[in-house]
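Each of the two complexes below includes chain A, the first together with chain B, the second together with chain C.
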Partner chain A sequence: MSVLLPGSRREALELLARSNGAAMPIAGGTDLLVHWPQRQEEHDRAYLDLSGIAELRPVEWTPDALVLGGLTTYWDVIRDARVGRELPLLAVAARQVGSIQIQTRGTWAGNIVNGSPAADGVPVLMAYDAVVVLESVAGREEVPLERFYEGYKQMRRRPDQLVVAIRIPRRPYTFQRFVKIGSRRAQAIAKVGLAVTHSAAGGGGWRVVAASVAPTIRRCPSIERLLEEQAAVHSPEELLPAIARDVTPIDDIRSTAEYRKLAMARVLFYDVFRGREQGAGSTDHGRRMTDNG
Partner chain B sequence: MKRGPPSTGAAVQRREGLAKLTGRERYVDDLPLEDFLWGMTVRSPPPSPRGSITAIRFGRDVDWSQFVVVDHRDLPGPNVVYLIEQDQPVLAAGVVRHVHEPVLLLAHPDRDALRRAVHAVEVVVEPEAPVLDFRLPSRSDEIQYGPDNVLKHLRIEKGDVARALAQAPVVVEGEYETGAQEHVYLETQGMIAALEGEVLVIRGSMQCPYYVLNALKHALARDETRLRVIQTPTGGGFGGKEEFPSHLALHAALLALKAGRAVKMIYDRGEDMAATTKRHPARVRHRTGLTRDGRLLAQDIEVLLDGGAYVTLSPVVLSRGLIHAAGPYFCENVRIDGRAVFTNAVPFGAFRGFGAPQTLFACERHMDVIARTLGMDPALLRRVNLIRDGQSTATGQVINDGSDRVAVLERALDVSGWREKRRAHAAFNAARAPVRRGLGLATFYHGGGFTGGGEVYLKSRLQVAGLPDGRIEVRSANIEMGQGTLTVFTQIAADRLGLAPDAVVIAEADTARVPNSGPTVASRTTMVVGRLVERACDDLRRRLGLSESARGDSVRAALRDWHRAHPDQSLVGEVVYEKPPGINWDDATYRGDAYGAFAWAAYVAEVEVDLRTCAVRVTDFVAVQDIGKVINEILARGQVQGGVVQGIGWALMEECKWQDGAMVNNQLTNYIIPTSDDVPPIRVAFLETPYPHGAQGAKGLGELPIDGPAPAILNAIAEATGADPRTIPLTPERLMTIAEFGMRNAE
Partner chain C sequence: MRNERDMTTNSAFRTPHSALEVSFTLNGTPTTVSVPDSERLLDTLRYRLGLTGAKEGCAEGECGACTVWLDGLPANSCLVPIYQVRGRRVNTVEALDPAAVAPLLDAGATQCGACTPGVVMTALWILQHPDVLATHTVRELMAGNLCRCTGYDGIVDGIEAARP
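Then we have the complex of A and B:
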């Protein structure tokens, strides 16, 4: 194993280019190191340790966007009071990632590039129309997060590119909700994740993003259309056809396809379709599945 | 019935508490060790639980000359792990009966090299038809044990069940299932074997040093004088370190003998969860005859346990399960029929409660099914039937311990606010919100010590030595694993002789130094072995020529005088277990006094069920029990709270996912145990009706708290939702399938 220790963004990009993409960026390491003892083959790799690159860390507010750095952690976001006021789902989701230890190490960029369909950071970013800013020695490229994933753990990032920033447009929202259905109240991997926003501002509208119900985290266009059209929905079951068009949940070690569909329908029905009238001005932006009432 | 004052006048601190709190305690993996090899196990691979080993292929990329390799031919003695039946090999010899069966042992100085080598061995198994569902009868080509794959069949009979059922005005039937459970001790299994001169020394994490010693003696054909087993500070056991450490000790010993060097084996969590024992899965059927006002007339109970691929402790787990199956009630006519059956699953074994949690889950869930059928308050149904002094249990044991079981129940109802809360919940649920609330109850009991004649058979011995400096040393084989043995033994000995706690030394559980006071299991340590501590203190006092009332200064002075008069000699008080008078058990007919004493309890759980996700949250918990005597209140509360948490996990989330008879979610990411955020306030209350033959009047406590939570929680879910759940773990996925309930009318 070799570890490369760049001191700046520039140096990191050069090292990455020189390794021909063989070097693996490592930020908090909370995804990469989980299987360390078992996956012996991963020991022989070169790692590019980003943790020393101070310029990638800060959270920046511009007039029209919140810009997270390539090393911004969940904890950085939780501590920023303005996030709680303007883009509260970021803080709500961040608090539900693992434990405090993980929140202080794990990064938003790591969450995106790890590409897990069960991630908690990605759905809220996507529901806020976040844009992934990639950079290599050849230059910068911006990819909207909703178009970033191409398949299970497949994404539009070349091995020589780093995520150097995540840009989230600032808009007024009339509805914001994040629901993580995990298998317990903390330290859980989502069995279903839902991030839903509505903004009346230009370019806005409804965003319904689902996690753990498809090979990638993705938007749900059929559900969004029902919301845009203000369709009358009388029961959770009436949402099942739209859910079947939008996502493809499976049976796996954590849950069942059937459960995922039904739970998604019920949460959408009670918390979104029923809740949209009360949505404006509500301060209750999210809950864990077990936060009842 | 009232709480006595703390035994020693002042609260005694947990003896090893500071070392654990500051991280200085040394578990087996922390012990300094030089010039040693790591040991690892090559196991039979999925997907063939059953078959013959046709080839073992060593990969070409590994320089095998650098490895110590052990197989079954290296055993000096018989290839069996000594236990109830001698059917389980130390290392598979030609055939395998379950996935992950140990086949080879490897040792090497470098742990990573060893891991790669383990992966480089291919064990080829020619498959045969396995049995994987314990609920289905075996086909003839699946028979692998006796004529019918039944490992043990037991029956308890009292009165005439058939007639009573035929005449009963009401008969209620039910079938209940419970899943396997993983112990999740914090410290995984670990063992070091080293030759010190002629003596093979084993150090490791274990509950029963003498079980390990016996297993070594047998399979290594080595006499006791050349064997020594030392328990190292043990990070949790819950039964998982009752019989399993014998396997690991044998494995480490075989490698160390062959290598001529010390060998250390520490399982990682994945191997520990995949290859070691779990709680037996069970199915229990009830047919109950009652009067219309809820009096029990007949209980017909059928118990089926999944034993897994070897006998291990299944017969005694079955036995305890059956004895507890009828609940803490009086009924004239009882028939309890039980079988533990063979399957090609990784063997099941001891786990806190030892069969009783399974059968009590069924019994207590069934009581609520009965209450619903009769339209009766579940608390009233229990009050009517709770056993009274002078009445007898299913085995014919007459209960006469002075404990007021109705008072235990009433206390739990009071503390939980049962009546008011049930009214409030009914009103809350009538609003038909997507969240529902409910309260559930379980009344239950747990017998302390070995079942039936077990304690007599064990013949436990214990010593208390008087030291020249006026201190005393308790020598027992009973170990500390977080439950408080060191502290409680200190208190018992200090109280008995009027000494300060720091004048009591507890000897390390080292078979070269301590007599066999039996295993640290079956809720027996405080009650049974603690009593031996008292009697050995008395014996020491006798040897000093002191009167029975001599305490404190007079004891200290006598100790110093004795040693002055007998330089270089040792002074040891010693006792052997004696059966309390009036306790009789007949193993042939399964009748008599199954346990010296039962502890009694009533637990109440409050839940909120989210109908959107079918997630259940336990919002309040009340645990009331009569345990004879609370010797250390903090430790006792800890036992209860820990048991409740373990019960919440077993009831709601801890699910072993099986494939080919092996657990496939063998990581803590996917085997879900409760976090502190999943645990409600747990309000604990004790009643004390002393048991004359237990230390200071104590009964067994360790296992009791795992018996009640699961049925109380499921009863609360039934109450909250109107559903009728009968299987645990009741995961949201499972509840969703039975919970068409209410969603349509949730408004």
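Then we have the complex of A and C:
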């Protein structure tokens, strides 16, 4: 193993370019260090430690966007009172990541590039139309998060690029909800995750983003269309055909495809299709559900 | 928990890796260690520095038995590569004031004791940062410390009793 310890963004990008993409960037380590002693093969590679790059940490509010740095943690966002007022789903989702010990270390950028279909941070970022800002020695590139994933753990980040920022447009929202269904409240990985927003502002509309029900976290265009058309929906079951068009859940260690589709239908029906009438002014931005209460 | 025998199968100790000199502030004292770069903070604390309060329960950031404060925030030391503590402050359970844990003992916050060092690190962090209780409950903040004995009521009661 070798570890590269850059002190600046510039130095990190140069080291990454020189490693021909072989170096694995590491930020909070909450994914990469899991079961570390047993993962001998992971010890034999090169790591690029981002933790010493202070310029990647701060959260910045501009007139039209919230910009998270490449090292901004969940805890940084939870403790930013302005996030709770303006983009509350970021804080709601961050508080459902692991526990405080994980929230103080895990980063939003790491959540994006880890590429897990069950990520908690990615759905809310996508429901807020976040843009991934990538940088290499060759320059900057911006990719909308909804177009960032190409397949399971496949994404539009070249090995010589770092996620240096995540830009989230500031818009007024009339509906915002994040629901994570896990086996229990803390420390659980999602069986189903849903982030839903509606903005009447230009470029807005409905965003329905689903986690743990496809090889990547993704938007659900059929469900979004039903919401845009204000379609009358009378039961969770009526949503199943649209769900089947939008997602492809599987049976795995955490849940089954069948359960995931039904849970998604029920959350969408009760929290979104029924909840949209009370959406404006609602302060209940999200809640947790568990299998066993 | 890892025992002595398991240490021989821990790659961090078995495989030669490039040594790294890491300087940080440990419980207020400037400390420098020369360690393999694949070592975790938890390994360094336990097996090089003899601070065995932090425990390895799950090695995946779930149980919280390895909780330390890193730059003043609770973190799982099993998920911290040692090279990331350079220049930082690390506080472990060994440096805590024993008097501070008295309310926890009085409330029955410990039974078998395996989780207790981690529980205490999170509990005393909450007590030193009462502002977080404006937005969080004690139970939410303690969710990263698993305890299979107490049923948690003793832990929560102890923290509530000690709140300023």
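Quick note on the criterion: the second predicted complex is superposed on the first by the 288 of 293 C-alpha atoms of A that agree within 3 Å, B and C clash if a C-alpha of one lies under 4 Å from a C-alpha of the other, contacts with A are read in each partner's own complex, and residues count from 1 in each chain.
Note that in this section a residue touches a chain if its C-beta (ideal position, glycine included) is under 8 Å from a C-beta of that chain, and two chains touch if they have at least 3 such contacts.
Quantities reported herein were computed from a predicted structural model and do not represent experimental measurements.
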Q. Of the partners chain B and chain C, which touch A:Val3 in the superposed model: first, second, both, neither?
A. second
Q.
By the touch definition at the top of the document, which applies to A:Ile253: first (chain B), second (chain C), both, or neither?
A. first
Q: Considering only the touch criterion stated at the top, classify A:Pro236 as touching first (chain B), second (chain C), both, or neither.
A: first
Q: For A:Gly98, decide between first (touching chain B), second (touching chain C), both and neither.
A: second
Q.
Just checking: does A:Gly52 make contact with chain B only, chain C only, both, or neither of them? Give me first, second, both or neither.
A. second
Q: Look at A:Tyr270 in the shared chain and tell me whether it touches chain B only, chain C only, both, or neither; answer first, second, both or neither.
A: first
Q) Is A:Arg245 in contact with chain B, with chain C, with both, or with neither (first, second, both, neither)? A) neither
Q: Give one of first, second, both or neither to describe whether A:Gln187 is in contact with chain B, with chain C, with both, or with none.
A: both
(Q) Under the stated touch criterion, which partner chain does A:Pro37 make contact with: chain B (first), chain C (second), both, or neither? (A) both
Q) Can you list the residues of chain A that meet both chain B and chain C? A) 37-38, 40, 43, 185-187
**Q.** Touch list for chain C against partner chain A, complex
**A.** 9-12, 15, 17-18, 20, 37-38, 40, 59-62, 64, 67, 70, 73-76, 78-81, 83-84, 86-87, 122, 135-136, 140-141, 143-146
Q. Hey, which residues of chain A end up touching chain B in the complex?
A. 37-38, 40, 43, 181, 183-189, 235-236, 253-256, 258-259, 262-263, 266-267, 270-271, 289-290, 292-293
Q) Residues of chain A touching chain C in their complex? A) 1-3, 5, 26, 28-30, 33-38, 40, 43, 47, 49, 51-52, 75, 78, 95, 98-102, 104-105, 185-187
Q. Can you list the residues on chain B that touch chain A in the complex?
A. 112, 115-116, 119, 268, 270, 433-435, 608-617, 653, 657, 664-665, 669-670, 672, 674-678, 731-733, 736-737, 743-744, 746
